[in-house]
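The structure's right below; bear with me while I get my questions together.
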Amino acid sequence: MKKLINNPAIVVEEALSGMAHAYPHLLRVNFCPNYIVRADAPRRGKVAVIAGGGSGHEPMHGGFVGLGMLDAACPGPIFTSPSPDQILAAAAAVDGGAGLLFIVKNYTGDVLNFAIAAEECQLAGVPVQTVLIHDDVAVEDSLYTAGRRGVGVTVLAEKICGAAAEAGASLEEVAAIGRKVSEQGRSMGVALTSCIVPAVGRPTFVLPDDEMEIGIGIHGEPGRRRAPLQSADAITDILATTIFDDLPFTRGSRVIALVNGMGGTPLMELYIIFRRLAELCEERDITISRNLIGNYITALEMAGCSLTLLAVDDELLHWWDAPVHTPALRW
Amino acid sequence: MTPTPMVEIASMIAWINRYADRISEHQAWLTALDAEIGDADHGINMQRGFEEVRMRLAHEHVDDLGVLFKGIGMTLLSKVGGASGPLYGTLFLRMGMVAAGKQTLTPVEFANAVAAGVEGIRQRGSARPGDKTMVDALMPAIIALHQALDDGATLCAALQAAAAAAEAGMKATIPMQAYKGRASYLGPRSIGHQDPGATSAFLLVQSAAESLCAAEHNSD
Amino acid sequence: MKKLINNPAIVVEEALSGMAHAYPHLLRVNFCPNYIVRADAPRRGKVAVIAGGGSGHEPMHGGFVGLGMLDAACPGPIFTSPSPDQILAAAAAVDGGAGLLFIVKNYTGDVLNFAIAAEECQLAGVPVQTVLIHDDVAVEDSLYTAGRRGVGVTVLAEKICGAAAEAGASLEEVAAIGRKVSEQGRSMGVALTSCIVPAVGRPTFVLPDDEMEIGIGIHGEPGRRRAPLQSADAITDILATTIFDDLPFTRGSRVIALVNGMGGTPLMELYIIFRRLAELCEERDITISRNLIGNYITALEMAGCSLTLLAVDDELLHWWDAPVHTPALRW
Amino acid sequence: MTPTPMVEIASMIAWINRYADRISEHQAWLTALDAEIGDADHGINMQRGFEEVRMRLAHEHVDDLGVLFKGIGMTLLSKVGGASGPLYGTLFLRMGMVAAGKQTLTPVEFANAVAAGVEGIRQRGSARPGDKTMVDALMPAIIALHQALDDGATLCAALQAAAAAAEAGMKATIPMQAYKGRASYLGPRSIGHQDPGATSAFLLVQSAAESLCAAEHNSD
């Protein structure tokens, strides 16, 4: 296992400590339980936007704490959702009296832990709304399954809800905006390599040199199917058309496009993917109004990428363009 | 006829400590199973949680089974994380509600407490039998436990039957396609792998049988 | 070779095409010869800041084209410096009449190609100044060698010179600021893996699982020495103390710190490195006034990192803090 | 005594085309040598440049050796990139200056043109013999070439002597520590590897010998 770490047992804490040293003007880090909050938390009268999930997806979520995005992030152990007491402690630190918005990726662990925390908050009289992100079109959706995973749309939802909350929108308004994002965004990913969970020390799966995993999530797990490695264009075609075939991308729509690296893929390759995605959108008369290209929601050092398209209107673009100042997203 | 041996706090603590041992022994195995159809952390999660439970049990004196189980549940909830943390946490929290205020339980009361816990897991996770989760080991176990006690078996014998049922349930997850939890994302590719949560659940029942049979033997 | 590419022969062109699609408001891409210029080039009366070098180091340099940073970037083939005609064409596209500043990393190829271009410009009556970046303390410096490589300081010099040029400083002033940055900055890097040049298809070198290369550059080449893999803290100690032992970091100095990923290293690990670097600086009474943590000057998908420290005063901090709007750096 | 055979444009084009063949054949080898102590692109760079040269030669009619060499130099300058582009580019640009306006060269004039080119490389790159660069193959070659011509050898024989000297110079780079170019960053670790630029330089001289000997033979 080749990693720049000291001890697999404390990678999360040491990384958090690095963030605390690097961004004191933006955020504060608490240990035991671990959470990250805005430097100026709590903001009185503002809806507090809280997200969390396993670590290993950096910059998500901690890198999105700051003005116009998250009030708090709750990092669990690597690939393991945070616990309710962690979420509750973060919530207490950022509660500004206007309610809490939980942005939760649809994984059983995240859903259950945030649900327990939400129940506790409600019991204590603190209003909570939860926006569930479940955008991965690789996963079949049904009433009788765990449903689709939450992946790239999470980043967009955090930005957009964060902007609305910063502007003073009410909890119901921010939640409604978040649900709109969740409904209108779709993603799909591919892996060329697995990754190594530090405490495990071996790759989660092994891929021959001429194969790829299609329909992966963000936890170094195998995907929906294994296929022969193909060209960047062919891969983009697979991901993008699966996304297009799902609702709600129609001719004439505008989208925000995220070409996301999984942690071990160079930016150059993401540009090559974006090139093809732009062609495909043009063929379908879909306008890429905004884009984001880089490592935003990762799976440790996995090589691969994911595409996310979010259908937007003027309202969502307005919140997208609103100022943001966090370690990983700033304008 | 000897009086029905009661389930004592000491034997519950013995059960949990034995389970913590089993989890440590099998951590790599549970994680490897999770690597196949999940995210390679189940053993790590469970070990983190049960080592914390073990440590707390060693330092706290408890004389109420409700308090004992609730404490275990809260520790699991805050230390395990992932899907298994809230689920195993709920199991013990519900057991704690049933056992609240008691220092001992009859075997049937114990079985009822466990059944309430398993019902809690089903409510939380809304997994149904056949979805390839821990429920597939726990449901048969609780049915076998009740059945054996109804048939007049000792708690030891009943738990042995429950462990056998849990083991069969665990193995039955191999050919299943997952519909809940992380393995469901794999769709048909989840077939052919044993569910890690069903495996840790079997170990839990097996540990109960081992430690309570030892307790029954000692009290003879 | 597992890469998200279509054809090794045109990776650079396809990536440039992706950039052209993604950032039309920031930059324009020219093909044959390949160069990237600011969307609003040429800026009349402004010193044009031009950099270039082999591709494979993304986001450098193309990702730094835009307001407050580069006027033009000249991307060569992978790891191969651009040619004089490429540089001349870019120069012609951005020349605003106030002269050209070439920021050149000290590699024989870059130096020679930029020198030939500079001679041609001078012949044509266009004033050119060149700032040479040679910050890699892993390399022994001497009159009789090629000298030290240019690595991380390049990013800082491009930002700082770009800010001064944007503010209307003269060619001599911008060049003087660039030389100050070059004199006051030092870097060193480590690799845990090599990388694969697309046209080659095999890793440039192979490292056993328990070894690392210390003192690497940015071209996937082996470093000064191979050593057993150590902890993140021990590695940071090696890199940082070699940097500290070189001029000009004294007690009480302020620095800009760059913890740079080589392309395949997750952000989490860079945070762990930064944590230790912050401790080491504190021990030496060196204040990290600003920091940058992420992939800024990379070697394709190499795993590893480099540290850069730049001693700064109020003037350099002023230019550092000035607005910048490029694909990869923005505030 | 037959008149000294002159160096013609056609044989120069044959030389360069033969060299382009050699570079293509040995691209992987040159790149592999560069992977050991450089950045694994020397063969790729040279092939890119000389394929472009080959293409232009096939499409352009030239009847001035100065124009021919200058064109080759400019193409190399714009297509090879890296360190070798400006260096080989300079070699041919300088040869073009010496040969400007000529349709043929005597062997001595040819040797002088090459010598001017090598001197250009030394000025541009400021590498000295022993620095482990292409200079270590080119300097001995040019000395041997002049020497042989002085001794009355035919151009073919003189170029064969030059190729032998270049080969020895190339091999002599193996034990050297690099002080110029990318390999210098490796310090003592550069010892034990053959310099890729010295290798491509040897191939250039060898190609000259091969193609000019063939020309001499044809003109017999």
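Every chain is named by a letter (A, B, C and D) in the order it is written, and numbering of its residues begins at 1.
Criterion: contacts are C-beta pairs under 8 Å (C-beta built on N, C-alpha and C of every residue); 3 or more make two chains touch, one makes a residue touch a chain.
Being a predicted model, the structure only gives us computed values, none of them experimental.
Shared contact partners of chain A and chain D, listed by label: C.
Inter-chain spacing, taken between the CA centroids of chain A and chain B, is 33 Å. With each centre defined as the average position of its C-alpha atoms, the distance from chain B to chain D rounds to 77 Å. Here the spacing of chain A and chain C, counted between their Cα centres, is 29 Å. Taken as a contact graph, the chains are arranged in an open line, each linked only to its neighbours along the path. Contact residues of chain C toward chain A in the complex are 1-7, 11, 14-19, 21-22, 55-56, 58-59, 63, 192-193, 209, 212, 229, 231-233, 235, 263-275, 278, 288, 291, 293, 295, 298, 300-301, 303-305, 327, 330-331.
Chain A contributes residues 33, 54, 76-86, 107-109, 112-113, 115-116, 136, 138-140, 144-146, 149, 197, 199-200, 202, 204-205, 215, 217, 219-225 to its touches with chain B in the complex. Remark: chain B residues 31, 35-41, 44-45, 48, 77-87, 124-125, 128, 179-182, 184-187, 189 touch chain A in the complex.
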